[in-house]
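Pasting a structure here, questions to come.
Chain naming follows the written order as A, B, C and D, and within any one chain the residues start at number 1.
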Amino acid sequence: MKAKAAVLREFGKPLEMQEFEVQPLGAGEVLAKVVAAGVCGSDVHIWKGEDPRTPVPIILGHEGIGEIADLGSQKRDVLGRELKPGDLVMWERGIMCGECYQCVIAKQPALCSARKTYGISVSCAEPPYLNGHYAQYIHLRARCHFLKIDPEIDPKVLVPASCSGATATHAVEQADVKPGDNVLVIGPGPVGLYVLASCLNRGAGAVYVAGAAPDKQRLELCKQFGAAGTLNVSESTPEERAEQIAEWTHRLGFNVGIDCTGITASVGEFLQYVAPYGAYLIPGIATPVGQLPVSLYEHLARKNVRLQGVWVSDTSHLYQAIRLVLSGRFPFETIVTHSYPLEAANQALDDMATRKAMKAVLEPWE
Amino acid sequence: MKAKAAVLREFGKPLEMQEFEVQPLGAGEVLAKVVAAGVCGSDVHIWKGEDPRTPVPIILGHEGIGEIADLGSQKRDVLGRELKPGDLVMWERGIMCGECYQCVIAKQPALCSARKTYGISVSCAEPPYLNGHYAQYIHLRARCHFLKIDPEIDPKVLVPASCSGATATHAVEQADVKPGDNVLVIGPGPVGLYVLASCLNRGAGAVYVAGAAPDKQRLELCKQFGAAGTLNVSESTPEERAEQIAEWTHRLGFNVGIDCTGITASVGEFLQYVAPYGAYLIPGIATPVGQLPVSLYEHLARKNVRLQGVWVSDTSHLYQAIRLVLSGRFPFETIVTHSYPLEAANQALDDMATRKAMKAVLEPWE
Amino acid sequence: MKAKAAVLREFGKPLEMQEFEVQPLGAGEVLAKVVAAGVCGSDVHIWKGEDPRTPVPIILGHEGIGEIADLGSQKRDVLGRELKPGDLVMWERGIMCGECYQCVIAKQPALCSARKTYGISVSCAEPPYLNGHYAQYIHLRARCHFLKIDPEIDPKVLVPASCSGATATHAVEQADVKPGDNVLVIGPGPVGLYVLASCLNRGAGAVYVAGAAPDKQRLELCKQFGAAGTLNVSESTPEERAEQIAEWTHRLGFNVGIDCTGITASVGEFLQYVAPYGAYLIPGIATPVGQLPVSLYEHLARKNVRLQGVWVSDTSHLYQAIRLVLSGRFPFETIVTHSYPLEAANQALDDMATRKAMKAVLEPWE
Amino acid sequence: MKAKAAVLREFGKPLEMQEFEVQPLGAGEVLAKVVAAGVCGSDVHIWKGEDPRTPVPIILGHEGIGEIADLGSQKRDVLGRELKPGDLVMWERGIMCGECYQCVIAKQPALCSARKTYGISVSCAEPPYLNGHYAQYIHLRARCHFLKIDPEIDPKVLVPASCSGATATHAVEQADVKPGDNVLVIGPGPVGLYVLASCLNRGAGAVYVAGAAPDKQRLELCKQFGAAGTLNVSESTPEERAEQIAEWTHRLGFNVGIDCTGITASVGEFLQYVAPYGAYLIPGIATPVGQLPVSLYEHLARKNVRLQGVWVSDTSHLYQAIRLVLSGRFPFETIVTHSYPLEAANQALDDMATRKAMKAVLEPWE
């Protein structure tokens, strides 16, 4: 059996369609038919060669949902349900060793010292080749974790949960958002919307969102998700933002800021608005962005504030993200704005790069 | 009744001895006879006018131990024991409002929005005047928290627990040191020694200490406290330090770094050695020190690390610090290297400024 | 000035109306006009003399909302807003010492060793007399914590937040409900509904509710609040319930059970359905109920489960409960089913005792 | 190659020596030469057939230390060090699936739904046969976690860390012992001694130990480990114990009680002495012991106390236990009182059953 895939051979050059021979499954391995693959904002960085983890050639795509096509041996999902061909499933995008300090002692497999990610750091040069989601099939390693999905949902809607959503729930978990907290989310893209929803889902008293001009429509969407207010950075001065934030928070500052922009200047502006004992998390920083001058006394020490990185996610965060979408409380169906056949992967990347699409998905079998 | 005190009238000028009339006690207030007052490293900064919180004139001194001299009304210590004149006691150096968001909702009174500190931010210009520890008596406000101390201990030994020690236990609490963790402490002064002891007391597997050349003797002292190894920054290159740290931590990095130096360059060097999911805390930063360029991706995001301020402490941390000293496990008696009569306060400040003394105490009644 | 109040003189006997002279306010004290007072389920137990804390004579009522009538001195709410006569406010029902081990070291003032509660444990025999909410005015002690309320909300709706709601958010905080968790709430009364809402508000994946036949209507209401399913204990066998729970939880059990019934037999039945590493909390137990035989191996040890008491709440939980109501996400207006003038307090108690009312409130000024 | 082992064929009957053919190693599997195997108190229960998990025939023994004899493929320890034949190592005694809800979502592999334990729940009827520690070799499954041990230590001393020690650190982790806490440990056997040491290692202010008359010598040993006081249950009345505890804790009660006895009557007596917001953990309950009547109001609800099971441990707890022993702070060498050749396994079990030995080890190669 053969499977088509969109392959990145050279950074910055168009992906090329290629056929791969599907390999036999080892014990515990699973072949999944990719129903929908997400085109993540970070795929644009990866495509440009800005992510130091990426080898070429590679089948891009680390987000997805699919059907069980074949099983190397009996297998259960994380809730103990046996998997059968045809089952709609989602899976953990990271390949963890299960044996290192991070996996076993710290119990934080997101930081596994040997972690690889389908579509980001596993080349397609060696068997089993099908190591990314921009493909008809993906060959998942033994010990991959699965969650069965009720087939009644539109699978596309769940796609962003597998990376943006899981990273967001991981960020919110670490932010330790408490009921009643005031939160500022910076960057109203897919991660930002998941963060917004996840904060509300953990009882935040009010969540506000800051974004720039091209995000105006996205800021409107944030209100549909439940944002208590928005800040358009392109249509206000820093002083106006400071005043607005002071008013929103009774001059206490935000208990939590979660910066999904990946832009140092954003951290530079909004870190100062964290309340004493609060936290500012930066899940948006996923590739090198240089240095930010930080006022250690004024912005961290004097207020006992933490500035914290958030790195990817593990299966527990994926589980949280999926249950968040399935709760039906938030209009997640609005996040996926564009879908394409597999062959149009370059167009999809382009529409993500130009922010024409909020979130694009590829549907290799449409 | 009158009480002598050492008063700072003008920043950078010598303290002057002055007599104050002891004021009558209101309900809940306590007059304590100062048995020993600590001269904290930050007193040098305060004396120079580098701490934005300080008014003049002021009686310096925020560390101390004393005897109950008089009580405005019946009063118990935090363990429910009734206080009587003559009892040896320690008390919380901060004056908290008990009514603000930080006191009541966040339950972090160290960050009380109205917090004042005896000897740092309460002038002696107004009654009850005796608002600092460089004095024969201190007039403690209603709702001050006390812990009775067994009179068999040398009171001087406990003095640093009231600020350096409490700040250290607060830092270690937030660091969330886990049994078996590898820790790096930077800066082997009083705070650093308390941090070292407190980390071991919370089960750290190994604690290492970095310090500069004049600290050589202090680094030796760290070994007596149980440090597993030391780094002399003045006698090694950054590369040698990197290699030594890699060896100590099996190339995983430190689970926790706690920087007690108050020097941005120190944070700039050692932040990079934090292990994934680890923390770097900066209790040493207590006055403005400018900005530090931070590599957001490499040092925070990619490793899911947090860089965190630590601001002062509350009574729970004081309690921990006192129990730490009383446990007898560590040679805390070595920290207080110099003692002086109250009238020699300027000499004591000078000996702290020149690092001739590790920790100086004033004994107003000797 | 005089104020009317409903006074319990003898356990089990009708409350009697009495007028009290309003006392002058000390520094920090506040006189509040009671806009609405809640009749809590536990008021029925208190009235019968089943709560060991209660002295007589006493003005019952520990839940309420009111307007600032007068201030002993300048005062701010927990968000730092200055209070003025006429402001609509809620306040903490507990009087805490702020100086004991629980208040200061454990920072859990709900367990303050000297805790008194307005309407439960402070008699009206001594000035300032007005120590309960079944009255036109309540005389609140210095250091009482306040939160200003937007006057646009119907104040009655917020009343149960001051005890049932705060106890519920405290229970859920201790339950440590995580996003995606499956929860079972037992007892769909006011506490149960707040627990249900609070669990959903902290991201529970699904919350189920068990109740008995007279609660059938209440179980319906639970569905309006977002319950994923209900169990009518009167119309099913234990085996049927076991089977239903197994199906709901994929045979893993509930991550968390929160028992709001105050009935030992309920704990005896549902404790067994907790998942490994889960928790079973019993906020419903507020008066002595005898002993429950617990299978230590099967229900606790083998599954690493905790069985945990929940005692009242502090201001942080009140704050959470109020923000929960104000979020508008849940139909809290349905909880208050009956309102009465102050003079009809006995009727209100009776309607609570017979479960005719879900939650009754008194409106002393209507 | 053949290996000798002591086999339990019928509950309550003497173990019999048997030779097994060593099986070839699969990828990731490891053959370890058993240097020393622990005879755990629970082995006596298992031998009698009181543990519902145990199949026969079985090679007993779930504690041990050994040398790498052979490797199925390249393998690293949890600190990333490559393993070589001859390395002294310890390993996790549990076999976890790494794919279930507990392993992956709750990240608590001690509760893995498919957990098996070498020497407790894996028969020797099927290849690879060598599934317990009372043997010359043990055949460890793929994904077993290892920690390399410095060969300079006497390996016997570390043996109890692999079960008693790891269970103890797990208990103390869940107890959330805080610096300065007062703790009561009940049952001064191997688990109790590890719990005592582990509490002190996490900063407990004072740890007290209760035991019965035959434990008198053990209570003395507790003092060598650092116990602040002991209670001999056989030589005091319940009233005397209550009074002693009140005095020790300033009538506040213990912040934490950890019951290592496995006796319901012990839980029945000491649960009442937990302080408000405290915890009582029962790691001693490892086999069915019947029901204990619990006063829900007085002992749990009114004081917000939790009664909590502790089930086995995972590799993170093993790591903590090993580092605790290696810290050299406690005289762990005193715990192993008896050692025997493999052939004397029945004598060793007998000496554990009669409490003649505190902890017996088998040395199959002596």
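Some observations on this one:
Rule of thumb we're sticking to: a residue touches a chain if its C-beta (ideal position, glycine included) is under 8 Å from a C-beta of that chain, and two chains touch if they have at least 3 such contacts.
Not measured: the values here are computed from a predicted model.
With contact taken as defined at the outset, chain A and chain D are each touched by B, C. A straight line joining the Cα centres of chain A and chain C is 39 Å long.
Of all residues in chain B, those touching 2 or more other chains are 79-80, 101, 105-106, 113, 180, 252, 319, listed in ascending order. Shown here, the protein chains touch in all possible pairs. The residues of chain D lying in touch with chain B in their complex are 79-81, 169, 173, 178-180, 198, 201-203, 205, 250-252, 319-320, 323-324, 327.
For chain A in complex with chain B, the residues that touch the partner chain are 101-102, 105-106, 108, 110-111, 113, 174, 180, 252, 264, 267, 276-277, 279, 282-283, 285-311. Residues of chain C that touch chain B in their complex: 75-76, 78-80, 98-101, 104-107, 113, 143, 145, 314-316, 319.
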